[in-house]
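The following pair of complexes shares a single chain, subunit A, combined with subunit B in the former and subunit C in the latter.
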Partner chain A sequence: MLQYALKRAVLALLVALTVSLVCFLLVNLSTDVATAMAGEGATAETIDAIRTQYGFDRPLAVQYFEWLGRATLGNFGDSLYFRTPVAALVLQRMPTTMILGASALGFALALSIPLGVIAALKPNSWIDRLTLTIAVVGQAMPSFWFALLLMYLFGVTLQLLPISGGDTWLHFILPAIALGYYAAPAIMRLTRSGMLEVLESDYIRTARAKGLRNTSVLFKHALRNAVAPVVALAAVQLGFLLGGSVVIETIFALNGLGYLAWEAISHNDFPVVQAVVLLISLVYIVLTLLADIANAWLDPRIRIG
Partner chain B sequence: MPGYRTLLKTTLLAAAVAFTLPAEAGKRDNSVKWASNQVPESLDAYFNNVRIGVILAHHIWDTLIYRDPKTNEYKPSLATAWRWIDDKTLEFDLRKGVKFHNGEAFDADDVAYTLNFVSKPENKSTTQQNVNWIASAEKVEQFKVRIHLKKPFPAALEYLAGPVVMYPGEYYAKVGPKGMSANPVGSGPYMVVEAQPGRLVRLKRNPDYFKESLKPQPKIETLELRLVPDQNTQTAELMAGGLDWIFNVPPDQAQQLKTVPSLQVKSGETMRIVFLTMASGEKTPTPVLKDIRVRKAISHAINREAMLKTVVGESARVIYTQCFPTQFGCTDEGAPRYNYDPAKAKALLKEAGYPNGFEIDLYAYRERPQTEAMIGYLRAVGIRANLRFMQYAAMRDSIREHKAGFAHQTWGSFSVNDVSASTPVYFKFLADDVTRDQEVRDLLDVGDTSVKAEVRKVAYKNALKKIAEQAYSVPMYSLPVYYAYAKDLEFRPYPDEIPRFWEYRWK
Partner chain C sequence: MSNHAAALEATFEESLAGPSPGELLRRRVRAHLGLLLGAGVLVLVLLMALAAPWLAPHDPFAQDLARRLIPPVWHEAGTWSHPLGTDMLGRDYLSRAIYGSRISLLIGFAVVLISGVIGSVLGIVAGYFGGRTDLFVTYLITVRLSLPVILVALTTVALVGSSLWMVILVLGLLKWERYAVVLRSATQQVRNLDYVTAARAIGCPTWRIIAGEVLPNVSSHLIVVATLEMGSAILLEAALSFLGLGVQPPLPSWGLMISEAKGYMFFSPWLITIPGLALFSLVLAINLLGDGVRDVTAPEGRS
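Entry: the complex of A and B
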């Protein structure tokens, strides 16, 4: 088990390094950073001065290793736009994104596990078709569109919930639903297939033969085993949700990491863009690593295979 | 994808409009809740270059001179009188009895400290063009100050009536730009009571605002600016009553919002002008544009009046020279007008040796539907323009590196109401000058440096006339902006795109 975990950790580290390189190159090769920073109306002299001042005239490899060295110590430099340390900005915005990610995941689990169980109990029935429809719609509908639908229905027409901002817990309801709905289908389908498999296993037949009540068989014996892989998937989905927060936070004006990324992109604030992309990628990598280890711990076939 | 998104949003908005009930959040407590999709990098006016920061600065601080937005005349503000001592020295008599929000009394020390600090390049003021003409400021008496210019710069008064605001010297010396951004202190009609970076700025009416100010005493008690990045969210908040005033509403949404009984929609002209640049200089990547007949054909090919009605929007106007009409020195007197005449355009192309037209890349970075309309008009006379749509920085690089010769450009002049802030940028041998006409350059230089108004006017007029005669560019129109706000709010738009909440009120 330890050997497997170490192997996965080394792989995760390599992925993280690759991500850091891609993240650095994407920003530096997509445009001339100095020109973009100088803004509208800047003279050629101003652009040259910026290039020299920030060291953009040095080879890319030198710039990358210097940036990586500082980043591993948590120093992403100063924001070009807000003129404050990037690390402080990121830490300040992190709690909002974490609250949003956790609530969205909570919503996704609360929606998808019961629906997945119901679908498994009545396979190929109209209920199963309905849950399939919910899943397909959740995957296919763009999150910005679903967010606007929620906003106009619950905020404008019914005036039940606040539309934007993050002052109270009520402000997180619509964004959590909009973000969580996207993660629900995968969990729902996994719960359904897991339940179908478990319900046909010998020990469930034995439990039923012993005369146990149906609810007891379902919840104590079947569901507990069926949702084990869901726990691992949920960890990975949380990474997806953090990435998806860029759109949702921007739409709902939530002052989190996603909104920070939007602001940074709008103002060519490259140090912040790099830090946010790297951070969200790292969270995703770590969550995937934990999910792999958890899966291997639950199912020895994985670590042996 | 953008078209798909717009269609979805418009459908949704139309549906929502049908079910919306009126709401005016601010009227009850005499406040105005408004929103912007921009985040000011700093609330210190000299370390900000986004519009929302400029708007806030006009409410928090005052300038030495007041420019009447209706007549564009310069009038007293923190200075009661001013005079040119020579071509490079301005002297100001300062107003007595003005107090900053922190109680500090305004005098010549504040002017001298503010200007000497922000004009020093090492202090890295973000908007250098606003202050880099100042050599130094010198206190003459407690209420008399002199500003020394690096070289003759007649537009100095325009800057001193706009972006160059006055800070309390002692406070600024103590807290610096970071402190000023965290807790802004000015003498303006509103004072900042809360500033949460990236979220909101709350301003309260300044009860001790100096009575002689030409900005009327504010009537609205509180202004709450929220940062809401998505335009659709702003619209939803406005319809639900969470906001009272929004701006930069897209034209299609503005049309929908006009049907909401609890709201008003108004459009206003802005100082941002649209024009096509055509590289005809030696290094042009598009030699076809060297031929004046081709440039004139392009000018005749586009129906600008029709574009105003269909894709640009209300309140805009066609321009015939490359400057905004209210800017000092801007005129189209004597300049030829290239009216829409596709037959003439085709004839000119034939005369130039292109009877079947030609192919060319047209670069653009904003208002894509307008570029597409231009392409349609050009195609009708045989010019097959391929759209190269990109980020502004990439387009500018391509132009400056002589890779792009034909571009749909816009210029806002930083809201400076003087030609020196617009035409010279594109015709005075600077990086964006793709024509390089020495006569035009010399005329613009006279206009930029003479302190005699008449001399300036004549020089600019002749420069603009020569540019138009040579059809170096195609001046198109000004751009409008749409505002949507609560029905009972009295509001009036201005071309400099600065809402003046101190003069608005609830009915």
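Entry: the complex of A and C
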């Protein structure tokens, strides 16, 4: 087990290093950093001064290792647009995105696990078909359009919920739904197929043969086993949701990482962009690592095979 | 032998042999409602995109500030000269919606072409050769999965300069991972089958085994992934354009139309419902087609 975990951790570290290289090159290959920093209308002398002052005239490899070294210590330099340290900016915006991500995932799980279980208990029934329809429709709905429709319905027509800002928990309801429904179809399908498989297994037949009550068989024996892979998927989905937060936070004016990324991208504020992309990638890498280890711990077949 | 007996024998043989695989496939296609519906809508949108100049009642770029924000014809203030109304610059909304299908379909097909080639090559090579090659490709896939697509695409497009072709290129270079994942495992299953071993035994060169034996036998997986990825690429372009960093005005991208209409949605909600519905129907049709192809080509996968 320990050996498996170590092997996975080494791979995760390697992936994280590569991702950091991509974040660095993404900016340095697509634009001339000194020109971008100098801003519009800057003279060639200003640009050259910035180039030497910040060391942009050195080889890219040297610059990368210096950037990586500082980034490891949490120093991403200063934001070009906000004029404050990037790390402080990111830390300040992070809680909003974490709350949004967690509540979006919570919404997705609360919607999809019960529906997936019911669909598996009555395959090919109307409720199974309904679940499938929700999944198919959900995957085709543009998230930003869905968010605007929610805004229009609940914020304007019914006037039930606030549609802009993040002051109270009420402000998070619509963004969480708009972001979370996208993760629901995959979780729903996995719960349904996992549950179908488990219900046909020998230990469920044994449990039933022992005369256990139906609810006890379902919840204590079946669901517990069927949900294990769902936990892993949920971790991966949370990573995707954080990436998708850029769209939803921009629409609902939620002051999180996604909104910060959008502001930074539209103002050519590349130190912030690099930090946010790197951070969201790292969260994804850590989540998948934890999910893999948890899965291997629950299911010995994975760590041996 | 009497005619009667011959006819009996013929039916007997037929029931033994059963319908041909091709006939079975045709029957399953005809019985699959989602597939028929999806294919039907996709063909309609394709025809609409091709015939846009003849279908559109007006020039999609022509502004008429005297005729701004006219509601669709089913409203009291609507008029048949603009069946879906006009936008905030007085451009005919039906014409823009019709031309918008061209952008979405172009994005869908072009991105699938680029990412499909990259992903399939990586997946088939990893699955066929295994070992270190496989490890390296798996590592590439993991790195790619760790990067948030929207953010990376937004950043690149913003730094290099946004245009329709830039969006296609960036999405094409980013969205290859699902092809690689699916084709890698499909190739692993095919690699040790008898016909591949036989091809190897008669000294067939590797590229011919891959092109002639492996590729045809994993192509049904490729079609399914390509269909689903096409829907996802169209949604991504719409999201990028919605955020203002994808297709640029005045091109009538459906995502951009929703973005431009955002500020007017409370008084003129049709401005966001029409392009949204168009986007939703197209992607739904493509996804239904993809799901249908998967059900029909791999009946054992149905549950």
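Assume the second predicted complex is superposed on the first by the 305 of 305 C-alpha atoms of A that agree within 3 Å, B and C clash if a C-alpha of one lies under 4 Å from a C-alpha of the other, contacts with A are read in each partner's own complex, and residues count from 1 in each chain.
Here is the rule we use: a residue touches a chain if its C-beta (ideal position, glycine included) is under 8 Å from a C-beta of that chain, and two chains touch if they have at least 3 such contacts.
Just so we're clear, the structure is a prediction, and the values are computed from it rather than from any experiment.
Q: First (subunit B), second (subunit C), both or neither: which does A:Leu11 touch?
A: Only subunit C; A:Leu11 stays clear of subunit B.
Q: Considering only the touch criterion stated at the top, classify A:Val22 as touching first (subunit B), second (subunit C), both, or neither.
A: In the superposed model, A:Val22 contacts subunit C only, not subunit B.
Q: Quick one: classify A:Leu196 as touching subunit B (first), subunit C (second), both or neither.
A: A:Leu196 sits against subunit C, while subunit B stays out of touch.
Q: Touch check for A:Asn268: first (subunit B), second (subunit C), both, or neither?
A: Touch partners of A:Asn268: subunit B and subunit C.
Q: Name the contact category of A:Val156: first (subunit B only), second (subunit C only), both, or neither.
A: A:Val156 sits against subunit B and subunit C alike.
Q: Does the superposition put A:Leu148 against subunit B (first), subunit C (second), both, or neither?
A: Touch status of A:Leu148: both partners.
Q: After the superposition on A, what does A:Tyr81 contact: first (subunit B), second (subunit C), both or neither?
A: first
Q: Using the superposition on chain A described above, determine whether A:Ala253 touches subunit B (first), subunit C (second), both, or neither.
A: First partner only.
Q: Contacts for A:Ser103 in the overlay, against subunit B (first) and subunit C (second): which applies, first, second, both or neither?
A: Neither subunit B nor subunit C is touched by A:Ser103.
Q: Which positions of subunit A sit in both the subunit B and the subunit C interface?
A: 31, 36, 144-145, 148-149, 152, 156, 250, 262, 266, 268
Q: For the complex, which residues does subunit B have touching subunit A?
A: Residues in contact with subunit A: 5, 8-9, 12-13, 15-16, 19-21, 23, 38-39, 41-42, 47, 49, 128-129, 178, 197-199, 226-230, 232-233, 236-237, 239-240, 242, 391-394, 396-397, 400, 414, 425, 430-431.
Q: Show me the residue ranges of subunit A that touch subunit B in the complex, using the header's touch definition.
A: It is residues 31-32, 35-36, 38-41, 43-44, 46, 81-83, 93, 144-145, 148-149, 151-152, 155-157, 159, 162-165, 250-253, 255, 259-260, 262-263, 266-268 of subunit A that touch subunit B.
Q: Taking the touch rule as given, give the residues of subunit A at its contact with subunit C in the complex, in rising order.
A: Residues in contact with subunit C: 11, 14-16, 18-19, 22, 26-27, 30-31, 36, 123, 136-137, 139-145, 148-149, 152, 156, 193, 196, 239-240, 242-244, 246-247, 250, 261-262, 265-266, 268, 270, 273, 276-277, 280-281, 284-285, 288.
Q: Can you list the residues on subunit C that touch subunit A in the complex?
A: Its residues touching subunit A are 34, 139, 142-143, 145-152, 154-156, 158-160, 231, 235, 238-239, 242-245, 255, 258, 262, 265-266, 269, 272-273, 276, 279-280, 283-284, 286-288, 291, 303.
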